[in-house]
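Below are the structure tokens for one structure; questions will follow.
Chain lettering (A, B, C and D) follows the sequence in which the chains are written, and residue indices restart at 1 in each chain.
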Amino acid sequence: MTAINVIELRRDLHQHPELGLTEFRTASIVVQTLQNLGYRVEYGANTMDAKYSLGVPPKAVLENAKQRAIRDGADPAIVEKMDGGLTGVVATLQGKQPGPTIGFRFDMDALPIEESTNDTHLPVSSGFRSSYEGNMHACAHDGHTAIGLKLAEVLSDGNFSGTVKMFFQPSEEGLNGAYPMVKKGVADDVDKMFCLHLGMGVPLGEVVGGLEGFLAMTRLQVEFRGVPSHAGASPEEGRNALLGAATALLNIHAISRFGTADTRVNVGILQGGTAANIIPYHAKMLVEMRSEVAEVNLELRRRVEQIIASSADMHGLEYDITVVGESTTMKCDDELIDIVLEEAKEVEGFQTFTRRGSAGGSEDATYFTRRVQELGGLATYILVGSPIPAPHHNEKFDIDERSLILAVNLFTRIARRVLR
Amino acid sequence: MTAINVIELRRDLHQHPELGLTEFRTASIVVQTLQNLGYRVEYGANTMDAKYSLGVPPKAVLENAKQRAIRDGADPAIVEKMDGGLTGVVATLQGKQPGPTIGFRFDMDALPIEESTNDTHLPVSSGFRSSYEGNMHACAHDGHTAIGLKLAEVLSDGNFSGTVKMFFQPSEEGLNGAYPMVKKGVADDVDKMFCLHLGMGVPLGEVVGGLEGFLAMTRLQVEFRGVPSHAGASPEEGRNALLGAATALLNIHAISRFGTADTRVNVGILQGGTAANIIPYHAKMLVEMRSEVAEVNLELRRRVEQIIASSADMHGLEYDITVVGESTTMKCDDELIDIVLEEAKEVEGFQTFTRRGSAGGSEDATYFTRRVQELGGLATYILVGSPIPAPHHNEKFDIDERSLILAVNLFTRIARRVLR
Amino acid sequence: MTAINVIELRRDLHQHPELGLTEFRTASIVVQTLQNLGYRVEYGANTMDAKYSLGVPPKAVLENAKQRAIRDGADPAIVEKMDGGLTGVVATLQGKQPGPTIGFRFDMDALPIEESTNDTHLPVSSGFRSSYEGNMHACAHDGHTAIGLKLAEVLSDGNFSGTVKMFFQPSEEGLNGAYPMVKKGVADDVDKMFCLHLGMGVPLGEVVGGLEGFLAMTRLQVEFRGVPSHAGASPEEGRNALLGAATALLNIHAISRFGTADTRVNVGILQGGTAANIIPYHAKMLVEMRSEVAEVNLELRRRVEQIIASSADMHGLEYDITVVGESTTMKCDDELIDIVLEEAKEVEGFQTFTRRGSAGGSEDATYFTRRVQELGGLATYILVGSPIPAPHHNEKFDIDERSLILAVNLFTRIARRVLR
Amino acid sequence: MTAINVIELRRDLHQHPELGLTEFRTASIVVQTLQNLGYRVEYGANTMDAKYSLGVPPKAVLENAKQRAIRDGADPAIVEKMDGGLTGVVATLQGKQPGPTIGFRFDMDALPIEESTNDTHLPVSSGFRSSYEGNMHACAHDGHTAIGLKLAEVLSDGNFSGTVKMFFQPSEEGLNGAYPMVKKGVADDVDKMFCLHLGMGVPLGEVVGGLEGFLAMTRLQVEFRGVPSHAGASPEEGRNALLGAATALLNIHAISRFGTADTRVNVGILQGGTAANIIPYHAKMLVEMRSEVAEVNLELRRRVEQIIASSADMHGLEYDITVVGESTTMKCDDELIDIVLEEAKEVEGFQTFTRRGSAGGSEDATYFTRRVQELGGLATYILVGSPIPAPHHNEKFDIDERSLILAVNLFTRIARRVLR
């Protein structure tokens, strides 16, 4: 077996971006690589509790994704065990001496963004642009997964006292990948938990020991049902689901700012209607709300639900609201931040060492870290800087691949230090 | 060859409803039936001028529809000649003596409505509910096509002086089927043109000799393009296409009523956004406007276009507007109304004879009738009553099949009378 | 006493335009003129039942209007009896012989429009522009009242068999002037009722014997009450009445057109909020809906009320809805139309004689005509043509004063004919 | 002359609340009191540069306010010199020895809120509820002014080295009172500037030495002008200003949150339309935007202006936008915070000593402090805690009057310390 080239691996993953809960090819590679390295590997129903899975894609979508993954090299037997979107992977390796358990969490999913075809975009000029049209790794998870596997390779020597446990999580973007893993209990034996992100506007050579400020988040799927009617002959007999949805959309965005906490609302998707001459009698929306304070996020949700109910009433519609994703807030432990910064100072290439930072988005890694902390363990979330030519979630997003090597070296030192 | 059973034929068509410009199975049956009856039959590029075709479905949709049609019995050779949505059929039969040309126009397309599964709905209880899930003959075009073919059978004896010309038109619902046929010149030699509709709230036994009041109609497809951004980290960097679209939708519906003419507006479809956590950067709308006065319809279009332009400006969006369907108004000729009512009085089963009626919807048969009238011919649009358990375009719409026989008998008499 | 110059009188009234229920000066002139002519004159509480008065202006507004009227020549004693907006006047004259009772109804109120100052506008160039800034006779009621008084003068000779009864009605624009008069019973003894309008796009010399098509109308006053809060420090604690009102406004205008009848909706007034830095906690709207079919108007009202209720719920507001004006539809009697057209043919200056016409607006004269018809009498509504340089309710609206004389002559002939 | 009772004085001011730029009675009392105490007092055009005055109320409003002030005891001569809304007062006293100049700034204006009539509200039960119906001191400025005058009295002994300069500022709520004073140069000679607020959710006995986090603010007055038309007869000829305004209102509230800074938007007032049956052709809005970052506030303003322009275009309207108020951000100087906290520790009644706090609202005292700092001086903004039974700007807002005495004592010590 030849050593993993972290950059080549990242580029292969970049070229095959899979959306949340359909990471069949990615997870299959993860499973096989870790098995080959001698780890004990669990996946499918052993790593995710299906009854806590939210927002699982429809059967046809899963089926297509599975076929595509197998076509592009995934192991059919592994893929089959991941059916129903159970694409999480957990790998464990006992060190040569006993000791505590360290956990590392990496995310694997991509985004529904069409990657740029501009040849100033490195994946284009270097030939590893997404081959799955309409999907793109625009948030560095390709890098995260590659780092995780390279780290696994380095640590496969077992030269440490304790246990290394690695979590490869699906659907971070959907915020519905971590929750069913944590509910399955996979993180219950972890003593010290480390999570990772690359990029986020921080320059190469800078490390942030404890990234916090993640926003509590709720995602609601909304369905409006009206009554169809011919738009020319008898429009008044229809009940217009799109009028209800558009009214809700505007008013959701118009929810008051809060004096007590930063908030976000977004109606990310709206789809409704069937034909030009039929009063639209069906509409679906995907709504997201966030706040840095969990209680404020609850109040946002209450207001969104009221707006939806009233918009439906206003237009004589029925409606359903379903939660399809959630995350919470986090607090990094000082003791782990100390470790991160001390070890980073020993890694060539880091020059700037920041204790704490604040993120603007949401992260369901927070379910892992909260669980570990609840059970008396410690946790932190590390940011490794990387220049990005365009913002996260943009069609020209990219990372500086030198950050991959910095991250592998840092995490290796952290593992050896914690399991010393 | 056994005689056509108009009710069985209608039920077969009902069970295989095909959307506008994809009527491959229906048109294939029409072609073969008419050829067997001895008519000269034209179809494909001989009946429709592709450069006047608006709103042709994407290649993949056409391909799927062709495969399905062939699977369900369509002739692959005929289907192939109809590629690109050229599903119009024109059949001609010379009578035993010379004389004028009479034209009959029938429409073949179905609607994107999911048919009711309630067993009080006759197609359910009698086993001919749509087998093409999501599509439905909810506007009686299955009946129209069956009537046309039965009429063709009856007239195939050639016992008349002149020429019978039958037009089987696609995509009346899309209002984009008649226009490319008329532009091809297929109606240029018609002296007297008769069109037909069943139902429309008129009871069994009533006939309306001249149905008018069709609304001039324009359909616009609109595309908004914004800028994606992460909804949590940097929402302000996005340009939100759904906010623009929802603003446009509400304001389009809020366009003033006119004191000078009846009007209609509908945003039949709105689809936008890609994910909950990305500011939606793309949205599409299908907008329809109508008026009983052609100039007012133009003014409606001007206002809709202004609203779209301003909504885009408001939210920093780019946009495109494309016309995808159009129809005009009509005026029925007294001489033909006289003929219709006189002949109807000779058909057993008609008791009520109404000269003129006013429809609320739009019809692109108006392109046929206007063309015939422009060239000095006469035209009318006949309504044959039929009880309907639910409005047109409703999932429980149905017709009383006795009206099929009444219509065949009436049209036969009209043909023999005009070509006497 | 010198004879009334109908043009001078009209110009005086034009210069002193008074809004609905504040026509203190106008009504005072009407009372005094009619008393001088020998009519029995009733006004104040004798002509209007206050408990059916809707939308009476606040005390301060009434008080100001009364002061202004007195300042400009109104009789203080008469004005005082009209307090509370009871500005209707009814005058009766018995002819020399007994006979039936003929009724004539004229309206007196002006509009809250600022009259043009452009010197192409006749009232400007001829020096009789409104001296009550912000108010204007922009719907010809100044002409109607002048015609009524001149007609009264001509008929004061008593040379007829029966009774002449003249109704000078306030607040036609508010549609709240006729109802309390009719409820008082003032029209109960009328056998034949004639109403009048000038202008409406019909040319000089044309008369329409029966103007119909008035729309049933309802006016609702809406109040939203929220919660104030500081817009910078704690906006989330407010409940924003203007967000509720704006949502209602857009959705009211977006109510579906009806296939069954022509409809209108208008939010004529919206006022809310108190300061830039306070979440607006109060808003008021005046909403109007109309239809040519009374049942459709009821359904419009139901939808408006639902939209208001849902907009309030959506934003945590309380609300009240009050009816402040109403009118109904009308049907003119053939027998009276015959009389109108026959007599018009005898008046020099009329050349075009139209039986029936259709109006687009609403009229509360319909309460007078409906009451007369309910009790077995006959009624019609006459339109006397007059060129208008700008539409009704426009700041440059004006009438051709020759129409005043035509109308007086026509009405005189009608009175003598009916009371022959 | 008897000593000032700060509580009685505050209650008198509370009972006579005057809106921004109409503080004629308040300012008259301030002028007379300070003159009696021996200060050199400037006011009217000597303290405010009229050409930098924004949002001055109309003449009629000023006139009414002046009459009311004179009726309630203001000196007519003083009031006259304040015409045009020049109600700012500046008082100077030289100490017995030379030294630096200390500045104190207090605000005097009230809010357009109707004060509660509930007898649990102290001003009700103790008989000093607002006698100016619809206005209320709901932000403690009555207390600030009373503190300022009592402080002036205490310092009138001249026992200090240097100069005391006191600024009594109008219209803090309008954010248009400080700017014309600062532009007049009144603060140019101040070395150390102290501002004050009571309440703001901080308990009695707590003092915050440096209150920051004020939001940069801009207030825009917007006018939309459309075209009137009769809402029944020809609604399509109107251009509806309220549809434009409601569209703007919803979209202004829907402006994206910013990842880079906290923001606020509010449409505080919307007024439009004239009558139920006229398409509303005029509307006015008062819009406010704020951010903790001045550049973000500029971007908010750009977006608001774009929304207004597009809403106007959408509905065929003309529009104007006028800036009527502005404020900026601030930074408190450490040296003054030290002084405040050290002196507060010597005042009986203070137990909690907080260095810095963050406010959520806006303050135009920031123009005073920025000017002093620009010229090399120092500035801070002190918060003196007081329990409040309801939020600022609420109809039940009140302060604990014990905080008045604490504030006077603290400010006295600060003055003596700085001018030691």
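Everything that follows uses one rule, which is that a residue touches a chain if its C-beta (ideal position, glycine included) is under 8 Å from a C-beta of that chain, and two chains touch if they have at least 3 such contacts.
Quick caveat, the model's predicted, so the values are computed rather than measured.
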Would you kindly count the fewest steps from chain A to chain C, each step being a jump to a chain that touches the current one?
1
Comparing the two chain pairs, does A-B have more C-beta contacts than B-C, or is it the other way round?
A-B
Chain B and chain D, separation of their C-alpha mean positions in angstrom:
66
CA centroid of chain A to CA centroid of chain B, Å
47
Sites on chain D at which at least two other chains make contact
232-235, 237, 240, 243, 247, 250-251, 253-254, 256-257, 259, 264, 279, 360
Which label fits the chain touch graph of this model best, line, ring, star, complete or other?
complete
In the complex, go through chain D and note every residue touching chain C.
111-113, 173-175, 200, 215, 217, 219, 228-235, 237, 240, 242-243, 245-247, 249-250, 253, 264, 266-280, 283, 286-288, 290, 324-325, 359-362, 391-395
In the complex with chain D, residue positions of chain B that touch it:
232-238, 240, 243, 247, 250-251, 254, 256-260, 279, 299, 306-307, 309-311, 313-316
Quick one: in the complex, what on chain C touches chain B?
250-251, 253-254, 256-257, 259, 262-265, 360
